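One chain, chain A, appears in both complexes that follow, with chain B as partner in the first and chain C in the second.
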Partner chain A sequence: MTDRGKWHERLKVTLWTLIVPPAIWAGHFLMAYLWAAISCAKVGAFATFPTLFVVGTIIALTLIALSGWIAWKQTHRPGDSAPHQDSTDIDRLRFLAKSTLLLAGLSFVGVIFTALPVVFLRNCL
Partner chain B sequence: MRNPWLWALLVAGLTACNAEQSTLHVFGAEARAVRQMALVLTIGAVLIVAIMVALYVRAVRAPEGRLSHDGGMRMVLWLGAIGPTLILTALLIYALPAMRPRATAPGDLTIRVEGEQFWWRVAYDPASDLSPLSSANEVRIPVGRTVIFELTARDVIHSFWIPGLAGKMDMIPGRTNRLVVQAEKAGRYRGVCAEFCGLSHALMAFDVVAMDGADFDAWMARSRAASTGVTASRGARLFDAHGCGGCHAIRGTPHDADIGPDLSRFGERPTLGAGILPPTPANVAAFIRFPQDAKPGARMPAYPQISVADARAIADYLKGLK
Partner chain C sequence: MSLHDQDDPALRAAQEDRLRAVWKPPQGLFLRWTDTNNNRVGVWYVLTAFGFMLFAGVLALIMRTQLAVPDNDLVSANSFNQLFTLHGSMMMFLFAVPMFEAVSIILLPQLLGARDLPFPRLSAFGYWSFLIGGVFVSGSIFFNAAPDGGWFMYPPLTTRTDLSGLGADIWMLGLSFIEVSSVAAAVELIVGVLKCRPPGMRLNLMPLYAWYILVVAVMILFAFPPLIAGDILFEMERLLDWPFFDANRGGDPLLWQHLFWIFGHPEVYIIFLPSIALFAMLVPTFANRHLLGYPWIVLAAVGTAFLSFGLWVHHMFTTGLPKISLAFFSAASEAVAIPTGVQIFVFIATLWAGRVTWSTPLLYATGSLAIFVIGGLTGVMVAVAPFDWQAHDSYFIVAHLHYVLIGGTLMPLFAGLYYYWPLITGKKLSDRLGRIAFWMLFAGANLTFFPMHLSGLMGMPRRVFTYPAELGLGGLNLMSTAGAYLFAAGVAVICVDLALSPRRAKAPRNPWNAGTLEWLAHPDDEDWGIRSVPLVESRYPIWDQPDFVRKVDEGRFFLPDAEEGRRETIVTTVLDARPLAVIRLGTPSVKPMLTAIALGGVFIFTTYHLYWAALACGIATLACTLWWLWTGTAEIPEKPCKPIGHGLELPLYLSGPAAPGWWAMFITMMADATAFSGLVFGYFFFWTRHADFPPATMADGPGILWPMVALAVGVIGWLATIGARDIHARGGVAAARILLLLGITHSIVGVGAGLAGPWTSGLDPQAHSYPAIVWTLAIWTSAHAGVAAIMQGYALARSLAGKMNPDHDADLRNVSIYMHFYALSAVVTYATIGLFPEVA
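Let's turn to the complex of A and B:
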């Protein structure tokens, strides 16, 4: 394996990286509300095609997918077979990685469900 | 038929007989879209339940060893997580466009409706230069035209709901909500208050009349004029003498208060007391003397001091207003 193929393995999943996907989801949620509030206050209507909002959504989805992918790679570290439930470093890593992966999946769907109404609805009232 | 469930089902079926106030008996484009969606969702839900039951049966009947743990987990992943997520996303995309309000143009008719314990104040074309046309407890709309309802309230939160026309919309004091609709079929229908608002909340309904465009225009023109039936009758004198004009307006008389329902065209109203009673002279007379008997908590004072005969004279006068 080359060095380039291993960078995601050097990036260790921790309790901090675990909250990255939901934090991005929360940030996107806030952006959706701010974007709607500002558009309605300043323009009086949603933009016909909310470019800025769509770009923000794509960035959020990409970041979540990236952290999900890193976590997925780390759950698949070669080693002993399941169950991974001892208080060893490698088992803790696998647990955190799996949790991050699941949270990333949830956050990905959450961001899409938040974005769809903004893209579909046009009126401020 | 000894099975109680069958009876329950039959009784539930009877609600389908109501054509005036029913989300299933639609007369507006918005309600039609909602009904269509409900149909699709119901069929989809039944299909999903049927598939789930079939899978259960298969799992229970499968001979020992035929099902693998891995296969089960894959099924949970696909049918338990990925499948529902995709279905819900598709449904969201399918349903969201229905939340877009119908587009409006400057010439569209605006009707302002205010909910009030326990009746409805209605104003047609409130911004018009012509003398504004007000009414109460009855909403008339032209078929095939876009109508903008501006909805608000003065006292507490009410909700404006004409099930056959569109979804409901809250009426919130200090705020004006817009509901844009289009009726597709002429007829008489019924709307209700759909947000608990006090003692007589359940007695706060209204009549809806969808009219052909030309009929509607003629009605509007006629209604802007003074009420026909304004006379110097005994009933009219009693109406003045008892101070009814302090709260009620009648076009063509000096009374223009808007604390209670506008009575200018009371004789045309299909119901009495906001959609609750047939407007027979006897019912009207009884309502005038003891409004709270018909509607607990009604905001009109009782007039026990008015004799039955006098109340009847007032009722006859009011019934003549068109």
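Let's turn to the complex of A and C:
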């Protein structure tokens, strides 16, 4: 590692990284919807073990967990304690990191919510 | 200018005179309406939306009167259809959404310590569009021509011209026009929040209202365009008989439902979040402390925004979609309760931790939360598909949605009205009348809508104009009607309170002792917005920063003067609000109004099938827009920089990603791309609905040759523009002009090549949904090629006229943004219509 710190500390949270976890939720949701809609319309049923869906869900959960972990690391950068309400670089960074972490939590739960129906439902009727 | 200079009262008075002269509103019977200052346009906007709300409320009262007793004959079935359609459509499109835009246009510059929003003329354009479209749609009921297909206008009832008349066209075209004004407002508000914050107001210090508005404006960009795409398909079917929704010819009515609800469900949050944003401003004031859990509110707003796009099918649970699909949407509908709950708990926690002042606005806020929570709980119930199958299209749904909208939008707006009235007028409203009205509204809303849960579960369907006595629903309906009159009387008390306001004395400045920037406003307000743009170091600067108000008033912060006699505001960076430049703002002008009138003509004449007049208005719209842009934007300043105080010197011109104009273009094109993706969704939706798509009789589609030619010229036109931009920036003006000329040629060829595919292969758009959607995609992209040619021509003309040079190239950079999106549409369109038939 360079003298500028570990790789996850060199990444900088911005408005774009803030929306990474929910965007992954959205991507997973879209995949779930399209997968069901297309396989039901074109095949009439989906495979008994939906490998693609399971892999997609695991990838989504991993990516959300990773972005949450990076955000968690960044909230622990040295600086003032919460509520991060000063006009300083470190407070702005830690605020965005905290928000990203919270969104990662919500998105993680959201992906699990979306994945659950497949445990119980396996047909197109 | 140093701090020291501002000690001189004579200097301050001279600065104030200059600012006053620059921000002087236009005078005269007509000219006063050409004003663009946010505090005037915003007030017109609010009053107009409030007027439409009262109008739509009267429609509801007529309905409730009709339903008071069984077998009533006050209005006919046909009139009743018009009443409920117009009531729903007006409350959504002419009240809730415009009201949020209107309130934001007033509040946002104040909250951000800006003199005005970055594009004041765009706000004025949005207002005039809203007014024209709104009067057109709502006035139709006086001619017995109002839309009558319900506010979501399901085909085939509404697309078959033998089943529904002019009303459907009035709805579709009138409200499309208003959607344009909503997208305009979204552009204005996003750029305002991201680029016009005062120095020091980093993202972590932004007032939460601004966070909510940013989120909601972004939602508008992704929610409204699918409806615009749906409107296009809908009118193509009604006016040209292209069978998108006609099952006999390969269409599918469900496509409309998808496109409508991809808009319609986020829409609920688009009107809910800005209202709850008002709570985020008034709760800390009356809890006398900072809001707890600031990042949790950001989580709630951003999380709700995303999840709200995964809910649309819960309006379609009874349409026979695969159960697994329903389950995905049911899961997301349950998940959205999490962020919604989080923000309610944040408000409760803040009140709990603070010393609460029980004011009238807070009474409205807490009361509306109670009503909203009931609506939220029934929402969780109907999100469960099997329950929804029982309750669908019954009065239970009417009860649910009114609890949500009254608790989540209307009552919070009344809270905001009582809170912010002193900011707008300098006077407080009556606490006594306000509290009386509150209890009437609160009791009235519950008395009206709670019985509807029961009448719904007992089997009363929504949208019936009467019901037989034998059903035993008379008592519940009479209660609802009595409640509706009580509610209306509450609204009348508020109107009386407003009407008495001019007779009351002025309130002191910042009467609620709030901590946020908007309360810098003085009761005898000046038109300049803010005396000097402050350096912000806290979320509640009035509370936390010593001598803050005095320093602002004495011009001790930035930009305290208007030396060059121009309206100006400061542009800062997105994340950290570091000062970047001073921009010159649009002054009062008749151009936005004329553009709105011309565009209104396009929509209104099309409604009556007067296509030549519509075409003339279209050309007039283009001419007005070009005139507006040519004379009012990307002006090369008389000097490169100016001092804004404290030794800071800022440039007067920006281009590229730092500039507000670049962002406006980017945001507009995001909306455009979303509408386009709605059309592409249509193509692939039809593919999933048919075993053979394209149908065997037209298996070759538009062929491969012409789509590939159109794709190639589109890409060349794009490359030429990008090349022109880069060479121009390095000083190669002549080469850039030649490249632009090359780009124009290719864009014009692109128009013809795009249409040549379906034309030469003889695809008949009236025969089947396949040729219809192919034609639509080709026309969309060809029209964009045409606009590309105009834009490239505009940049060339600016260069030739000396209004653009290598140091001042905003026009060319903005055109490049357009060209990126145009190239993307060309790739997607021509790959889809040309190549997909080969692999399908």
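Heads up, the rule we're going with is that the second predicted complex is superposed on the first by the 116 of 125 C-alpha atoms of A that agree within 3 Å, B and C clash if a C-alpha of one lies under 4 Å from a C-alpha of the other, contacts with A are read in each partner's own complex, and residues count from 1 in each chain.
We take it that contacts are C-beta pairs under 8 Å (C-beta built on N, C-alpha and C of every residue); 3 or more make two chains touch, one makes a residue touch a chain.
Not measured: the values here are computed from a predicted model.
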{"item": "First, second, both or neither for A:Leu52, with chain B first and chain C second", "value": "neither"}
{"item": "Partner chain(s) touched by A:Val109 [first = chain B, second = chain C, both, neither]", "value": "both"}
{"item": "Touched partner set for A:Gln85, first chain B, second chain C, both or neither", "value": "second"}
{"item": "Touching partner for A:Leu96 - first (chain B), second (chain C), both, neither", "value": "second"}
{"item": "Chain B versus chain C as contact partner of A:Leu121, first or second or both or neither", "value": "both"}
{"item": "Superposition-derived comparison: chain B or chain C, residues of chain A touched", "value": "C"}
{"item": "First, second, both or neither for A:Ala37, with chain B first and chain C second", "value": "second"}
{"item": "On chain A, the residue positions that both chain B and chain C contact, one per complex", "value": "109, 113, 116-117, 120-123, 125"}
{"item": "Chain C-facing residues of chain A, complex", "value": "14-15, 18-19, 22-23, 25-26, 29, 32-33, 36-38, 40-42, 46, 83-87, 89, 91-92, 95-96, 98-99, 102-103, 106-107, 109-110, 113-114, 116-118, 120-125"}
{"item": "Sites on chain B touched by chain A in the complex", "value": "81, 85, 88-89, 92-93, 96-97, 99-101, 177-178"}
{"item": "Chain C residues touching chain A - in the complex, by the definition given at the top", "value": "200-205, 290, 294-296, 298-299, 302-303, 305-307, 309-310, 321-325, 327-332, 334-335, 338-339, 536-539, 574-576, 688-689"}
{"item": "Residues of chain A that touch chain B when the two form their complex", "value": "105, 109, 112-113, 116-117, 120-123, 125"}
